[in-house]
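These are the structures, in structure tokens.
In the two complexes below, chain A is the common chain; its partner is chain B in one and chain C in the other.
Showing the complex of A and B:
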């Protein structure tokens, strides 16, 4: 994994989790993040938005980034303040062009079973940025 | 996530309870496709107690929809709560699925 840990600033230190590519690993990270959000009294709308976006980012990293190779890892950093949530997810894939993903809300794509993850992340988070290589996503949700 | 099924008239009602997250979507796929493969193609998914849905589970509902409609059946959605309603609107899947406020009105439309 070549991704560098994000820098610490006024938001404080990042919590880091690294785990093998396995969908079963997702719930632990979701549980930790949601627990912290509840401790800070974030409302249910924020909890739903962050859970959905985190799950989509992790699934994308495992499916499209690491191609479900259990020998590849997914790395997650998150930090949560009373004002906002920041999450970074990195995989060990070759990356992709997020601009090349078809619009899943177009009439001709409505019956496609796949391809909604990035759109949901963009709709439910306030900021979604991909690294130039496309194997890392950074998301922010304000309170 | 738990799934409970029952038959009313000639429709299969599938109550999806809890979180339809990525880890539950395989179970949901297996359950819905088994119903359709078994010959029941008129499905109503009762979302009253579904508190979460991710894109994987949405894909399962779409796959079931395509298989059911391909056999002259349907998949209707009943009583999604506010977060699920928002997801259906955001993805525009409320244009693909017929969505009803409760199971009774979904049954009445069948």
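Showing the complex of A and C:
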């Protein structure tokens, strides 16, 4: 994995977790993030949005990035202040072009089982940016 | 490994198959696969009419949506149909954002969904 840790600024230090590609691993990170959000009294809508987006980002990393290869890792950084949440997720895949993902709401794609994760992340978070290679996503949710 | 019976409860209601999710969230590979197996087991009978109740489900991901779409396709191919019910408002928003409310018929309660099949049969 080539990703460097994000820089620390006014938001403070990042919490970093690295784990093997397994959907069961998502729960620990999700629990930590939700606990912190509750400590800071974020409302249920924010909890739902962040939980969903974090999970979609991690699922995408494991499924499309690492192709569910348990020998590949997923790295996640997050930091949570009273006014915003920042999350970064990186996988060990070759990356992808986010602009090349077909619109899942188009009539011809509506009954296709893939392509909704990124759409949900973009709807529920205030900012979603992919690295040039496409194997890392950065998301922000403001209070 | 999760068994389908751990994830879904399947019963017959006057010829309509009622599927209730047992877990509030389906997340691990094993749970998602078990959900898929459970749902696919109900489509083995051609023309099956199915109601899937989301009662108690507070969260789902695009992996589960993908499973639902596959089941819907299999059912449609055999002349059957799946209708959804009891979807939490926040979860329902996921269906509207992804416009899957255009693909699935969605009812407030499972009894309404069950009745809708009977009404269609009478019409």
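Points to keep in mind about this one:
What we mean here is this: the second predicted complex is superposed on the first by the 143 of 143 C-alpha atoms of A that agree within 3 Å, B and C clash if a C-alpha of one lies under 4 Å from a C-alpha of the other, contacts with A are read in each partner's own complex, and residues count from 1 in each chain.
The rule is simple: a contact is a pair of C-beta atoms (placed from the backbone, for glycine too) under 8 Å apart; a residue touches a chain by one contact, two chains touch by 3 or more.
Bear in mind that the values here come from a model prediction, so they are computed numbers and not experimental data.
Three-chain overlay on chain A, with chain B and chain C in a clash.
By the touch criterion defined above, A:22 lies against chain C but remains apart from chain B after alignment on the C-alpha atoms of chain A.
Of the two partner chains, chain C is the only one that A:68 touches; chain B does not reach it. Touching of chain A by both chain B and chain C, each in its own complex, is seen for residues 23-24, 26-27, 44-45, 48, 51-52, 55-56, 59, 104-105, 110-114, 116-117, 119-120, 123. Listing the residues of chain A that touch chain C in their complex gives 22-24, 26-27, 44-45, 48, 51-52, 55-56, 59, 63, 68, 104-105, 110-114, 116-117, 119-120, 123.
For chain C in complex with chain A, the residues that touch the partner chain are 27-29, 32, 59, 61-63, 65-67, 69-70, 72-73, 90, 94, 97-100, 102-103.
Those residues of chain A that touch chain B in the complex are listed here as 23-24, 26-27, 30, 44-45, 48, 51-52, 55-56, 59, 104-105, 107, 110-114, 116-117, 119-120, 123-124. Those residues of chain B that touch chain A in the shared complex are 21-23, 52, 54-56, 58-60, 62-63, 65-66, 83, 87, 90-93, 95-96.
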